[in-house]
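This structure is in structure tokens; I'll ask about it shortly.
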């Protein structure tokens, strides 16, 4: 260890001076690019939001003036609020089912050893690697073969299926990071297996379970392809848009989407701010 | 984040699990049974359907069980352009999405570490498109890229686009839409690996006489390989099966129809179930083969 | 399971009867017999992987033995579940519940056993460890030392018959560790419970425990009071795991009622008969480095003194309170000497010709079968020692 380290720690004048202007430029280039890219990502959102205030007539393509009316009379658009209600119903039920089933699987996968473990992992991984159109067509083919009437129940069954995989992945990570000594401490401190689960394991897994539930709901709410194959005559919000796209989207659809967007963003921002506030408080106390 | 699904590995599970398996059975059985009933058997019924033959003298949509391999030959030859477009568009969109997303993920995950609030805000902006309907986002692009839009007018004015040119209904628009829609799927897994990247490796790289570009190619990129793999898979798989962007009501036209459009039309409109099923099996098989080769080539089998 | 809880009246005996624990692929403990008397502070000392943590987990009920019985206070608890045993553990990682306050952590066991006034008793336990003012905090807001004390309070508040400590001081820095050692010891004296402490830190075991059991390869090598173990190690493993030893191997040339004489590198080295485990044939004897004296001139031979040398000093290293010298003696190898720093600077320099001597009473003789070589290497692998122990046992059995 003689000459080379000295050279890097003590650069020659030309090496120190030359890259300066270039580096300053490169240092700005990345932030500028990222800002532009983020703006690009937001363009369609802004467009949707702006056109929810368009005083449109039949179609919502050309700008015809500003109005609040569409926000106030959103349910006047035939079928829109019904489709939205269906989406909420499907989302809630599918999320509840998938979260319960998926959490149980995640705990079993991390905590127990059993035969066919890898086949079970594959069974849970495969739906995520399967295009939605195949999942949708497969279920539709099965319902067709069984003569099942397609409707809201078949949509819920379909959504629960693809949500389970995502719940398992999300909760599994949380279970794996849970220190087994905590549950052992619970048993050591006279907690019966049920008490240990409900007082220690479950509360510690809760953030992961909630994240999985939110993700499930988001996936279900925005799903179109699988729904399209299995909904029969029932409309969900995305399906409403798909059908309306052929003849022109009513501005009321923009209203619903914008409202959902605002609520979702608010939830995310509030949780982020409260988390960073909690971390600051912890840091101060520590 | 579920988008790290492909990056999560069993290696994180430390203790060898060992205990009575009755509880495991109770925990597993309902969910596994559900997946068997609503994932595995549908795939099997898809396979069965793909071999069905028309009922002689039957109505439209009436089929009988058979072992008609011809269905595969017929549908593959009839829809070869759709198959090629599906994988071609998906491939190009995946490459574009990677190029666009990597700098974003790098900036948020590495450069913005000093400002946690900025980091989480930028991350929120990346996932913001998830909170607004996929279909409406695509329709918004359709309007923005429509023939009457200022964008197209401007492009025509500077003669990038010929006077009679269009953006919507072209392969460009479809690939553009796919790229746009899957950028968050690409960015998030990249961010997840880059955020954990130890910057001391980069310092070690430059200490060992690598210039920034060499450090990036020889240190940063290999270390973010798990993110690149999960991101590309999370983009390529759904993009190959997508039929919204390519649909004529959205960014495409009949000339841009992808395999997904063919499956949808055959299943839901033409009620030609065997063809739709055969095309689905072809799509699934090609994806599984491609993913298998890709994952094996990149030496990250443990990711699955 | 108890419906209304009662505190253990006093510490209880812990008894292991022929306990074995086998995991797939390896055996952690092989027919272990051990009795820990009530009210004692008992330390299980050994290197990692020696089976000491498994032993502790067996007592806590977190593992089931493959064979044998465990008795607490004379009662067989082998088949009782963890939450039904009058035993509490201070975990290595503390395992404080991160979603509960300090107070709720401490009250957890009391609440499970439906003991009256859990919060009052929890406050009392927190006062004992001087952390009552932090009762409303969460574990993440406490320092490592504070967390350790909460873990202790959470265990002792239940007045278990037996308290298990799994390397509870391992995560603390040296100064805090010394302080906590004293605190733990005084709390144990105060409440009179039986403490079973598992550690790999020999100094910690010697400072705190009344009885130390040195464990190796799933077996107890030697058990006794710390001074006794240090002064009279019976095996090479104990001699080197508990402090450092110089070990020499030679043939017994003379054996009287009080002494044996061993031929070491041509000199007759004398060991008291009571301090030697074997009295004939080839034996290994040892002496602690701090019991050795360095001489620059050949010391006069006399009764009660053993002398080795001359040799050459090959290394001198200063460590504050003492200086350690490595002396190479021809035909014998390296001998370590610790000398108190009574004068400024080293007494001798590297390369000097020296003799070493020690009082006959300080030597000890091991029960190990000597290796074919002249002496044990200072860092004899535990595996090598175990093989020799088995060979020794076999010859013993043949002789019987």
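Quick notes on this structure:
Residue numbering begins at 1 within each chain, and the chains themselves are lettered A, B and C in the order written.
In the analysis below, a contact is a pair of C-beta atoms (placed from the backbone, for glycine too) under 8 Å apart; a residue touches a chain by one contact, two chains touch by 3 or more.
Everything quoted here is computed from the prediction, not taken from an experiment.
Comparing each chain's Cα centroid with the centroid of every protein Cα atom identifies chain A as the most central. Comparing the CA-atom centres of all chains against that of subunit C, the greatest distance is found for B.
Between the CA-based centres of subunit A and subunit C the separation comes to 54 Å, rounded to the whole angstrom. Put simply, the C-alpha centre of subunit A and that of subunit B have 15 angstrom between them.
Averaged C-alpha coordinates give centres for subunit B and subunit C that are 59 Å from one another. Against subunit A, in their complex, subunit C makes its touches with residues 1-2, 5, 60-62, 81-84, 87-89, 91-93, 95-99, 108-109, 112-113, 137, 140-141, 154, 158. Subunit B contributes residues 1-2, 4-6, 8, 10, 12-19, 21, 23-28, 30-32, 34-36, 38-43, 45-46, 48-49, 100, 103-104, 106-108, 111, 116-117, 120-122, 124-141, 143-144, 146, 148, 180, 183-184, 207, 209, 212, 233, 237-238, 240-244, 249-250, 259-260, 263-264, 267-268, 273, 276-277, 280, 283-284, 287-288, 291, 304 to its touches with subunit A in the complex.
The residues of subunit A lying in touch with subunit C in their complex are 179, 181-182, 184-192, 195-196, 199-200, 203-204, 282, 285-286.
For subunit A in complex with subunit B, the touching residues are 5, 8, 26, 30-31, 33-34, 37-38, 40-45, 47-48, 51, 61-62, 101-102, 104-105, 107-108, 110-114, 120-121, 123-135, 137-142, 144-145, 157-158, 160-161, 164-166, 168-170, 172-173, 176-177, 180, 212, 215, 218, 222, 224-225, 228-229, 237-238, 241-242, 245-246, 249, 253-254, 257-258, 260-261, 264-265, 268-269, 272, 276.
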